[in-house]
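The structure under discussion appears below in the form of structure tokens.
Chains: A, B, C and D, in written order; residue numbering restarts at 1 for each.
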Amino acid sequence: MGPKALEVVIARRELVAPEHVELYFSHPALKEAVPGQFAHIATVGTLRRPISFSRIGEAGEAAVLFRVVGRGTAWLAERREGEVLDLLAPLGRGYPPPDPGRPWCLVGGGVGIPPLYAALGKWGRGMQSMATVILGARTAAAVLMADDFRALGVEPTITTDDGSLGERGTVLGPLRRWWQTHPEGQVYACGPTPMLAAIARLKSPGGRLYLGMEQRMGCGVGACLACVVPAAGAAMPPWRRVCSDGPVFAAEELRLD
Amino acid sequence: MAGQADLTPAGSVGEEPLAVRLGGLCLPNPIIAASGTFGFGPEYAPFVRLSRLGAVAVKGVSLDPWPGNPPPRVWETPAGLLNSIGLQNPGVEVFCRDDLPFLRQAGTRVVVNIIGKTVEEYARVAERLEREAGIDALEVNISCPNVKEGGIAFGQDPEHAALVTRAVRAVTDRPLIVKLSPNVSDPVAIAQAVAEAGADILSAINTVVGMAIDLERLRPALGAVTGGLSGPAIKPIALRIVYEVSQAVGIPVIGIGGIETAEDVLEFLVAGASAVMVGTVTFRHPRRMEEIIEALPALLRRHGFRSVNEAVGAAWPGRSGGGR
Amino acid sequence: MAGQADLTPAGSVGEEPLAVRLGGLCLPNPIIAASGTFGFGPEYAPFVRLSRLGAVAVKGVSLDPWPGNPPPRVWETPAGLLNSIGLQNPGVEVFCRDDLPFLRQAGTRVVVNIIGKTVEEYARVAERLEREAGIDALEVNISCPNVKEGGIAFGQDPEHAALVTRAVRAVTDRPLIVKLSPNVSDPVAIAQAVAEAGADILSAINTVVGMAIDLERLRPALGAVTGGLSGPAIKPIALRIVYEVSQAVGIPVIGIGGIETAEDVLEFLVAGASAVMVGTVTFRHPRRMEEIIEALPALLRRHGFRSVNEAVGAAWPGRSGGGR
Amino acid sequence: MGPKALEVVIARRELVAPEHVELYFSHPALKEAVPGQFAHIATVGTLRRPISFSRIGEAGEAAVLFRVVGRGTAWLAERREGEVLDLLAPLGRGYPPPDPGRPWCLVGGGVGIPPLYAALGKWGRGMQSMATVILGARTAAAVLMADDFRALGVEPTITTDDGSLGERGTVLGPLRRWWQTHPEGQVYACGPTPMLAAIARLKSPGGRLYLGMEQRMGCGVGACLACVVPAAGAAMPPWRRVCSDGPVFAAEELRLD
């Protein structure tokens, strides 16, 4: 079916953490959305705002979970149940379905966590063994969706920069240990670009690594070439578009230095 | 006003109120997707019926692939957008192989925007395109730096602009649009030079040079430091250039800059544009061009015009100000 | 960056974080009311404590009275304002008699903006002002048409701009500000010419030429057809010119264009401005300049700066990006 | 006391005619407002909107009555009781107090009517004889404040362009007749500029005529020189500012052709 211009009605609004809001809605066109794909949402200003799906249901139920960082997300956080959102969705290339036989690890930082939850929600039951989930945040209050992961039967490993919850430090510690014991494992990561670059440096040669990238966007549909990140190899032009080649890339596709 | 007669095809009035003829370029309506904001066509196809548009102007195409600028490449500004894409494109060869086939079958009119760093490069891109069917017009983007002459943009100097125009004119009989830069002291002088050098149509304006500061990083916001400003913020700048240029030259002018509504289109028409290009608003409202096309007939009638052609230049001195 | 040393008076840091010295012009804070938007001072006195402002730049003053343009003279645009006041003023003699006395006792710093249609007129206005006390700086507005040279604005050509600057420099020792026009192909060339000709300070930018259409009347909205665009719409244009000019010349630059908040001020400072002028926003928010002055110390601290001077040029290449 | 930046709370909102809204508020600074003065109101966009006072009470009660013509007045028409308006007020020069001994005629067209009502409200009782009120409008539905005038004891003469109420035609007919019988009379007029120009041409030599003018404004306080109208005589610059020299002018001050 592909992406569409959608008007969806907000069915539920939840303040999930200080400055973090989750909005629920549904639309038949979202039935085929893939975890890692995003909605490009009209808020205020010249440009839409890209937000990944935090939940994807089989009947087109979906949600977005976002942090208030500026004008657009502030406007979005003020929307109430019953109001209409104007989306282009589902956009981009999401995560590939995981290989059911390989150990699976989901590593998320901050607002990179929600798409990983969507991935576990969709594919978790089909895996031969339980996935490992590593969630990082600056501080305890910003650890997102831990209970949601628990409801799927996974106890997430939590790290916080200030040690206020879980292990003090970043997701890199637990991930390094996981990769030592699962060198052939598949890792789905999402979070700030420096975190993803560090994760890519840890990758074991036999493992697989998929990264959910962020970049400032214009169109969101591949037309304007705003949202580029450096491509690996000698491609010319030397870029990939986050909105349409990504946001999810195999680590090998990118130059992450 | 010499050009005015050219713009009114005999018998068109009342029959096809939206149809326009710009020199040799005939369009079912005056709404053209602006270069660089509509990719090569397929990207917006899920949202827009391409065949409904007056035409699609593709992203600028150069002889060899251009890398463009480091990200971030866009930044929101009050009622506007800064971009520093830097004319990234895969080169004319890949364009002809990978992108033209889609456009040919999309049922729309195709304007190929061409770029170069030397006069010869522009000409060679145009030459290469001569071998391809399904191209309705060329649009020469003269906002590129002239690498042979110290990097000053072709579009900032009447002589350089004329050189590029003549070189492309020499290799093509297709309708030739030259796109004016607003970043000049005297846009009319450039327009006149380019019209004399053989342009059939002018388009105005390209983006206005600007920059933004990212206060989080205390650095220029764009990877390339400066960028081009587009969107409603520049509409007054564009209207003035269209108004002055369209009266000074005898060829049709395509108006561009901050158009978001059918009313904006009418403003450009009465200022002297014979058609318009619509860019930045598409990012927020992919269907807006179609909505404008739907709204335009009634809006024209409300202001006393039976056709687009009748509205062109209605605000010029000495014109009655329309059919009312 | 040669000018940078000049801008940091020894010992000022930490004592008076908002105080700035621009060449010989010392201001308690960097917020100056922009010429033409603040009248001659008394008009806004019911709303603003003039003594709190860094300075007040008065409406442009010419040798003889100028009538200005027919109304309408203003028109709202997206995030902006078009004006075509046309430099109406009562002439320097009436200004000295009727307006200066109020300003002298208002407890603020006074910048007199001067205009002329010939080089001699500029010089004669400056000469007349030499006889008056209570003027802290002259600001030469070079956006006026040079009537002797076919009406092209002085500010659009480096040589003309330098001529005016030299002529005014010859008759005054007061701090001399030259105000740059954005409507040029190469603002840096004008800035360099003017700096060499003896300007102590540059201010940038004046308004951007634009126009609007009144769809009700299907006519240009402004009585004078074209006008000057101001407000947030032009902020990106102003930032780029300030950033480029401030690095190219060794004298301080005053940033102007679309400033509405303390954050906007900080953007101009880190782009290279040593002070700013605030215009259009005053029409909607007369107290905004005072609010900015109140907000600025905390904002500077939040970004790691101990003073305005420390922030100046922090976004230039090679600078650390501030005190953080 | 002079003009001030005021925040006032809307005490009452009334739809007085199709597309015409009146908002009531009060503030001590408005006690000294003079009929013909205006408030410069922050709405949307770069500029404030100038609206004359339709009512001025002794304790600072005031109102503005406006027609929805564009973005700013549309926004204003949506305000509700309890919301705050941001005004600069009172601004400009209002009508002079009428000479109690002279016959007085108030002539208003469209949204020029409200300031005349304010004038009659303030000065009507002090007059030696009842004022004459002539109200013009395009059509019956747009005749403003007729009942308010009646409540002050004056039956207004009404004209409509389409004849749907009162005399068919403009206010010029009744005014011409009034001036014939009251050649020394004083006329306070307000309305569209072409109407005011026509009224000025009717003026009897012995009469007095005050005109409430409109012009596009910037600052509203006399600083920007946007709002000029042509001055009579050889003044240089040849203009008067509507916001601060006016909005009310003696007809002799202006060139109205």
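Following the convention adopted for this analysis, contacts are C-beta pairs under 8 Å (C-beta built on N, C-alpha and C of every residue); 3 or more make two chains touch, one makes a residue touch a chain.
Note that the coordinates shown come from a computational prediction; the quantities given were computed from them, not determined experimentally.
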Touching both chain A and chain C we find B
Shortest walk length in steps over touching chains, chain A through to chain D: 3
Chain located farthest away, centre of chain B as origin (C-alpha): D
Distance in whole angstrom between the CA centres of chain B and chain D is 47
Could you work out how far the Cα centre of chain A sits from that of chain B, in whole Å? 37
Counting only residues that touch at least 2 other chains, which ones in chain B make the list? 77, 79-80, 231
Overlap residues in chain D, where contacts from two or more other chains coincide: none
Chain touch graph shape: choose line, ring, star, complete or other and state it. line
With touch defined as at the top, which chains are paired up in contact here? A-B, B-C, C-D
Going by the contact rule at the top, pick out the chain C residues touching chain B in the complex. 77-80, 82, 156-157, 183-186, 208-213, 215, 217-220, 225-226, 229, 231-237, 239-240, 243-244, 258, 263, 266-267, 270-271, 303, 314-315, 321-322, 324
Going by the contact rule at the top, pick out the chain B residues touching chain A in the complex. 36-39, 43-44, 46-47, 59, 65-68, 71-77, 79-81, 83, 85, 88-90, 231, 280, 282-287
Taking the complex as given, what residues does chain D use to touch chain C? 2-5, 42, 45-48, 88, 215-229, 236-239, 244
